[in-house]
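Chains here go by letter, A, B and C, matching the order in which they are written, and residues are numbered from 1 within each.
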Amino acid sequence: MSLRNLHEAQERSRRILLLVLAAMLSVSSFLALAVGPVPIGAGDIWAALWPSEDLSRDAQIVQQIRLPRLILGLCVGAVLGVCGAALQGLFRNPLADPGIIGVSSGAALAAGLVIVTGNTFASGFMEWAGNYALPLGAFAGSMIAIVSIYALSQRAGTTSGASLILAGIAINAMAGAALGYLTFLSSDNQLRQLTFWTLGSLGRITWDSLVPVAVLMTIAVALTLRKAAALNTYLLGEREAGHLGLNVERMKKTLIVLGALGVGSAVAVSGIIGFVGLAAPHIIRLFAGADHRIVLPGSALLGALLVMCADLIARTAAAPAELPIGVLTSALGGPFFLWLLGRYRRELF
Amino acid sequence: MALELKDVSVVAGRKALIEGVSLSVHPGKLTVILGANGAGKSTALSVLAGDSVSAKGEARLDGVPLSSLSPQALAERRAVVLQHAPINFAFKVHEIVSLSRPALRSESNRTYAIEERALHELDLAELAGRSYPTLSGGERQRVQIARALAQLWHHEETGQSSYLLLDEPTAHLDLKHQFVALEAARRFAQQNGGVLCILHDLTLAREFADEIILMRNGNIAAKGGAASILTADTIAEIYDLPAHRAENLALSLSAPMLQ
Amino acid sequence: MIAIKRLTGAALMLGWGLMLVVGASAQAEPKRVVALGGEITEIVYQLGAQDQLVGRDTTSTYPEAANELPDVGYFRQLGAEGILSLKPDLILATAAAGPPEVLEQIASTGVQVEKLPSEHSAESLLEKVARIAKVLEIPEAGDKLASSLRQQLDEASASIAAMGDKPKVLFIIGTGGGDVMAAGEETAANSLIKLAGAENVFADHKGYKTMSLESAAVAAPDAIALMEHTLKAMGGVDKIADHPALKLTPAAQTQRIVARDGTYLLSFGPRLPEAMTDFAKAIRTEGRSSH
C-alpha cells in the first residue's frame, strides 16, 4: 500500500470525471444554442456571440433568447448542484435538497410576497432594489427557511435524518399555505406570476433580469467551492471538526448565508426546479466518493448539465409550446428520491 | 507541563455532571479513567478537550487556559477520539485519516509518511482504500484513533508536548486490536505524549495504565498506580458490586497476565 | 461536409436577405401572423385575413378551421421560441398574454408585437377590430366589420332591455372538493351577466373566489351559469341539482342551468352579440319548462 499511489489514482479518476463532465456540458451548451423550435444555422449562432447592431432574425433569436437562457441554465444548475451538496454537508444528511427541506418554497413564498404586496407595503424598497428586489426577497425567504429547519431538526448536536425531512414537510406545508393565501389576495396577473414559481421555468429570462442574479449566483458558487476542505472535516462530526481546529460555528453561518443566497437567486429567476440539488451530488459521490473537493465542483458541472438537458427537453418536446422545466425535473427526481430513501432507510429511522 | 483540570464543575440543568474535579495528564504517561456509567468520565474528558464552555473552574494546557487558545492552536496540541462517529458519507479510510492534516497543508512525502505510519500503527494498512461506512464498528474506531495520532504527528516537528484523549477506544475492538490500540497509545506516551484514556476493562487498565483515576458520582474517588488502586474494596465501591464479586475480580487482576 | 454546411448557411442568409428586400419593397405582401387569444383569432377570421395566420394559442378553437393551425400553448404561459419557430412578423396578443418577459423576448428579435385591449366590453371589442384591421392594413374590412358588430350589439341590447326583469345569476368557474369557485366583480363572466341585464349574486367579491356552500344557498340565484367543460367536470346537470347546497337554490329546482362553450361565452369576440342574446334568454327561460 502506498498512500501516494492511492491518492494519485484517485486524483486521476477525478480529473477524468471533471473533464468528461466539462465536455458533456460544452456539447449541451452548444445544443442549447443550436437546437430549438427554430432551426438556426451555425453562421447565425457564431454571429450571435458577438455584439452587433446588425443581426439576422435567427442570430437575434440566439442572442436575445437562447444565449441568456443558456447562461441562466448554467448558473441555476451549478447553484442548485453546489448548494444541494453543501446543504447535505451542513445537515450531515444525504437527503437534504433545497426543494425537499423547504428552502426553495421559502424563497418562492418571499418572492410571492414581493410580487403581491411589495408595491403596496414596501414601495421604497422596491424602488431602491429595482431588479434586485426579487432575488433579495427570495434570499431572505430561503434564509429564514434554512435557519428554522436547522433549529427544528437539530438534536443534541447532530441532525437526525427523520426530523430533518419532517421539518422540511412542515416548512413546505406552511409556505404552501401562505402562498395559497397570497393567491387569494392577488390579482389575476399576480396569480400567473405565482404559478410560475411553483412550476419553474428558464423561459422568461431577458438580459436585464439575468445580470443581477447571475452575479449573485456566481458569488454563491465561488465562495461555496472554497469551503470544500472545511466541509470534509465537518462531516466527521461537529465536535470532531472542532477538535481538528475548524471554527464550526463560523462555517455553519457561512454555509447558511451562501446556501440562501444561491437558492434564493435561483428561485427568484427560475422558480422551483426540484431534485437537481439532490441528484447531482449523489451521482458524483457514486463515481468519485464523498470528498467535497470533487463533490462540489462535480455537482456544479453535473447540476448545470442536468438543468441544460431538462431544459432542452422542455423547449423541444411539445414545440411550439413549452413544458415547465420544474415539472420535468420533479418527474425524474421523485423516483430517484424514493430510491435514495430506500437506501438510507436504516440510517434514517 | 500538563493538560489539566483545576477544580472544574459542569452542571447540566440541575444535575452536576462533575463537581470540583482536578486532574492532570502528563507527557510520557498513559492515564486511565475508570468509573461506572454516569460517573462523569466523558464530561471530564470533554472539558479537557476544550469543548465544554459552560464549565466552571479552569482547564489548562501547559499552564495556558484552553479558552484563550484558538481552535487551530488547540488542534496542534491535543487530539480527541470520541465514542461514536457516525458518518453517512462514503469517505475512504485514507481520506478520513488525511482530515487530520492542518488546513491548507496539502499532500507531500511527509504527510503521506505520517498518515501511513498512523495506519500501520493501528493495523489498518490493508483497509486504506476501503469505504468508511462499510467498515465494522471496531475498524471505524481504529481509523478514528489513527486519525487522531496523525493529527498530532503533523505537528511533531514543533517539539511541544501533545495530548491524546481517548473515550473508550476499545469498546468495539476484538481482543487483538484492543492491544493494538492501547499499545499504540502507550508508544505515543513513550514518545513524550500525554494520553488520557477512558476504559471499562480493568485488565487492560492494569496492563497499560501508568496512573489510574477512579471517578464516582462526578467526583474523583481515588488516584494512583494500578497495584494500589485496583483493590477489592475500591472496585466494590466504584462499581457498586457485592463484595465477593469484587474480590474475585481483584484476585484475577493480581494473577500474572497470560501472554 | 463543412463546405456543404457553409453553402447551406450562405443560402439561408441569401434567402433571408431576399425576403427582407421583398418585404420592404412590396407592402401588400401577406404577413405571417400569430394570434394569441380566442377572440383575436375570431376577429382575424371575420376580417377575412385568416390566410395570414400561421399560429394560434390553445384557446383559439373557433372557427373550426383555426384548429388546423399550430398551437403555441396557453396564452398565459407562452414560450418565445415556439412562437418564433413559426417565423411570424406580427404577433396579435391580448393584453392578458404572457409572461410579459416572453413577449419582450419576441419583440427583441425584431418581431412586431401588437398588444390588444382585454377589457370585457363591447367598446373594447370594437377597438380590437379597428386595431387589428389597421395593423393588417385592411381598414375597409375593419370598418365594415365594426359597423356590422355595432348594429348587432345595439339590437342585442335593445332586445335584452325589452326582457325587463333582472334575474339573479351565479357563474360557477370551477369546483374544488365541495366548494364552488365563482366569478365576482371584474371578471368576464360578471360583464356578461351585466350585459344580459341580470345581477351577479357574487358581485361583492373581486375576481374568482371560493364561495362557501352556505352563501351560495343563501344567494338564491335564479340561474346558474357555467362553461361546458366545468359542467362536465362537475358531473352534469343532475349532479348540480343534487348538490347539497346548490339544490336549495331556485336555479337548481327549476334546473335553470346554463352551460356554453367558454370561448363563445366569455372571450368577448365577434360572437358577443349572439352570446349576449343567447345567454340573456337562457338565464330567463332554460330549465325544466323548456326541456
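By our rule, a residue touches a chain if its C-beta (ideal position, glycine included) is under 8 Å from a C-beta of that chain, and two chains touch if they have at least 3 such contacts.
A quick note: this is a predicted structure, and the numbers were derived from the prediction, not measured.
Trainee: If you average the C-alpha positions per chain, which one ends up nearest the average over all of them?
Mentor: Most central by this criterion: A.
Trainee: If I average the CA coordinates per chain, which chain comes out farthest from chain C?
Mentor: B
Trainee: Could you give the separation in Å between the centres of chain B and chain C, each centre being the mean of its C-alpha atoms?
Mentor: Whole-Å distance between the two chain centres: 78.
Trainee: Between chain A and chain B, what distance separates the C-alpha centroids? Give it in angstrom.
Mentor: Roughly 43 Å separates the two chain centres.
Trainee: Once you find the CA centre of chain A and the CA centre of chain C, what distance in Å lies between them?
Mentor: The computed centroid separation for chain A versus chain C comes out at 38 Å.
Trainee: Quick one: which bits of chain B touch chain A in the complex? Just the residue numbers, please.
Mentor: These residues of chain B touch chain A: 46, 49-51, 70-76, 78-80, 82, 85-92, 94-96, 98-100, 102-103, 107, 109, 112, 115-116, 119, 125-126, 128-129, 131, 147, 151.
Trainee: Give every residue of chain A touching chain C within the complex, in rising order.
Mentor: 36-39, 41-44, 56-58, 60-61, 64-66, 184, 187-189, 192-193, 196, 203-206, 209, 315, 318-322, 324
Trainee: So in the complex, which bits of chain A are touching chain B?
Mentor: Checking each residue of chain A against chain B gives 1-4, 6-7, 10, 92-94, 158, 161, 229-230, 232-233, 235-237, 239-240, 242-247, 285, 289-291, 344, 347.
Trainee: Once bound in the complex, which stretches of chain C touch chain A?
Mentor: Touch residues, chain C against chain A: 5-6, 8-10, 12-13, 16, 55, 58, 70-74, 76-87, 96, 98-99, 101-102, 104-105, 108-111, 207, 209.
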